[in-house]
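As structure tokens, here come the structures.
There are two complexes below, and they share subunit A, which is joined by subunit B in the first and by subunit C in the second.
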Partner chain A sequence: MKLLTVNFLTCAVKGCKGSAASFPLHFEDAELEQREIGYNPTFLSNILPRLDWDAITTTALELGFTNLPATKPDGSFETADEHKVMRDLHTLLMETEVVQGKMVCRNCGHAYQIKEGIANFLLPNHLV
Partner chain B sequence: MSRPEETLPPDLFYNDRESRKYTTSSRIQNVQSDMTYRALELLQLNGPSLILDIGCGSGLSGEILSSVSPVDGGPHLWVGMDISASMLDIALQKNVEGDLLLGDIGQGIPFRAGSFDAAVSISAIQWLCNAESSEANPQGRLSRFFNGLYASLRRGGRAVCQFYPKNDAQRSLISSAATKAGFGAGILEDDPGTKKSKLYLVLTAGGGQDQG
Partner chain C sequence: MGTTSPNQGSQEYEEQHVHNVYEQIASHFSSTRYKPWPIVQRFLQELPPGSVGLDVGCGNGKYLTVNPNVFIVASDRSVNLVKFASQHRPHASVVADNLSLPHPSSSFDFAISVAVVHHLSSHPRRVQAIAAILQTLQPSPETEQNPSNSKHVGGKALIYVWALEQKASRRGWDEGDEQDVMVPWVMKTKSTQVGNENSETFHRYYHLYRQGELEGDIVEAGGRVAESGYEKDNWWAIAVRNK
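Coming up: the complex of A and B.
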């Protein structure tokens, strides 16, 4: 599962809808893999306004990435530095995958297991 | 031949054996991919998009989304949800580019508001109408699904769901649940009245000007 997807996932439990603590989900025992995917600046520009930067920062720190810009890049590609920022973002969001571990909701404590990169969001009926 | 929806719930029906059968039949594959291209056309995307694939199965539609060329406004990135672990396992073996989520769309769509540019669904949403237990009635499942889908799309975003309703009652049950969730909804029928007839539920989130 790409870190991009993680930036959009929330807890699925009924009582967690609208609770600030249910996003982002927090990683435990995460194993990462890098997988190359074509660099697509047009896609990045499209997605950038929708990214929750605080959540990305939280997720990145939990997984051991510390060199993220403090604020969201403005999405311009004018200078070499700006290009590098977008390249790095591509590597982090599109090419970094969580293959094993769990994601935990800070509101209800529910843990979503990740196996072979697939997160299990099936809930027992009483949580729906 | 009985309809699969009437025999077992999808996670049990699409066990390893059925999943393999489904994903190795070239006839089924061709029909599925034709419908994906049609749905993609109806989505009218204008650039590389983030797309939710509802009932992604073995990732057949997803592979098509990933392979749209830059000239045609792609490639798109997708996240697929499916209730069948066996189907997802086949997608995994194919090393598809999109992300896969094991989940029941009748329980809702676990993404924050405005996540996706668009959503696509091929031959999946009629499964919402079968419910095995009293706590999971079709109305509840349909409403959790469409409410969740509506919220997860950005305003003006579209969803195109090709589906096989059992009868007219089920067809209107599904489309009225979509409208109730706030979607602008229309049903498009290709090759009406023939054996090849295909229904597409075309949904727009946020209504307004973008309604075809």
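Coming up: the complex of A and C.
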């Protein structure tokens, strides 16, 4: 599961939807893998306005990535510096995959398993 | 064949008559599902680049190949089908139940749910499934609290279900027929003995929608129908949020 996905996921438990603590979900025991995918700055630039930057930063720090800009880049990619920012983002959001581990909701404490790169959000009966 | 099972309308019923079947036929099913329906293809192609949306009940992810300029988080209840879906880039796929979606509310530009809602085995559960999709969409501008933000056009969802009225199809159902049916899926299975080929038949539960019923379900779920129609044995509707 690529890291970009995490920005669009939250706890599946109904009572958690309104809670700020349920977003983003937090990684535990995450095993990462880099998987190369063609650099597409236009795609990233278009997606950027839809990202919750605070949540991206939280996720990145949790997984040990410390080189993210403090504020959301504006999505330009004309200068070499701007390309560098976009390439870093590409590496982090599009190429970094969580292949194994857990995503935990800080509101209810439920942990969702990730196995072979696939996160499973099916709830046990008592949480449905 | 009608369904008279006492637990129809429950999660357990769908577990047995929908989820378990797809899990078992996943590979065979996937090999037969590659051609996108034209209405769904058009809906996805017309999205502005950079749109972010959901494919609820994505199956093998055949709609993830249509538009590489948007980002889709796809989900399905079948782990085996999600394994197929997750191969389509730049999108993402997770395992989830469509009545308990793991997505933030009021966030998405679009959603599709193709040939999914008809697998829910009671009217309240089908309405609940549509409501769960609507909840993920950005609210539409007429009801937006802050109308000064003109960039918000509101999210839209395309819902696509099997029609009761399909006299010309090989199933031949039509108006007045039983709407809750079990539909066979015949899967050829290779035996371990050389040269032996067996087939196994699985039955999936479907609720066949009659004309106007999908629109009614959308309104009941708190949505508004922006556009609707019929395409080769299926009813479809594009829904937006009312609140």
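Note that in this section the second predicted complex is superposed on the first by the 126 of 128 C-alpha atoms of A that agree within 3 Å, B and C clash if a C-alpha of one lies under 4 Å from a C-alpha of the other, contacts with A are read in each partner's own complex, and residues count from 1 in each chain.
Going forward, contacts are C-beta pairs under 8 Å (C-beta built on N, C-alpha and C of every residue); 3 or more make two chains touch, one makes a residue touch a chain.
Small disclaimer: the values here were computed from a predicted structure and weren't measured.
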Q. Clash or fit: subunit B and subunit C on subunit A?
A. clash
Q: Mind working out whether A:A119 is in touch with subunit B, subunit C, both or neither, as first, second, both or neither?
A: both
Q: Figure out whether A:F23 sits in contact with subunit B (first) or subunit C (second), or with both, or with neither.
A: both
Q) If you stack the two complexes on chain A, which partner ends up touching A:F77: first (subunit B), second (subunit C), both, or neither? A) neither
Q) Given the touch rule stated above, what does A:A12 touch, subunit B (first), subunit C (second), both, or neither? A) both
Q. Just subunit B (first), just subunit C (second), both, or neither: which does A:L4 touch?
A. both
Q | Contacts of A:V128 with subunit B and subunit C, given as first, second, both or neither | A | both
Q. Of the two partner chains, subunit B (first) and subunit C (second), which one does A:F43 touch, if any: first, second, both, or neither?
A. both
Q: Starting from the residues of subunit A touching subunit B, keep only those that also touch subunit C in the other complex, and list them.
A: 1-2, 4-5, 8-12, 23, 37, 40, 42-43, 46-47, 50, 94, 116-123, 128
Q | Residue ranges of subunit A in contact with subunit C within the complex | A | 1-2, 4-5, 8-14, 17-18, 23, 37, 40, 42-43, 45-50, 94, 112, 116-123, 128
Q) If you look only at subunit A, which of its residues touch subunit B in the complex? A) 1-2, 4-5, 8-12, 23, 37-38, 40, 42-43, 46-47, 50, 52, 94, 116-123, 125, 128
(Q) Under the stated contact criterion, what part of subunit B meets subunit A in this complex? (A) 47-50, 70, 75-77, 79, 81, 83, 88, 92, 97, 99-104, 107-108, 110-112, 114-117, 133, 135-136, 144, 154
(Q) Taking the touch rule as given, give the residues of subunit C at its contact with subunit A in the complex, in rising order. (A) 11, 49-50, 52, 68-69, 71, 73, 75, 77, 79, 82-83, 86, 89-90, 92-97, 99-105, 107-109
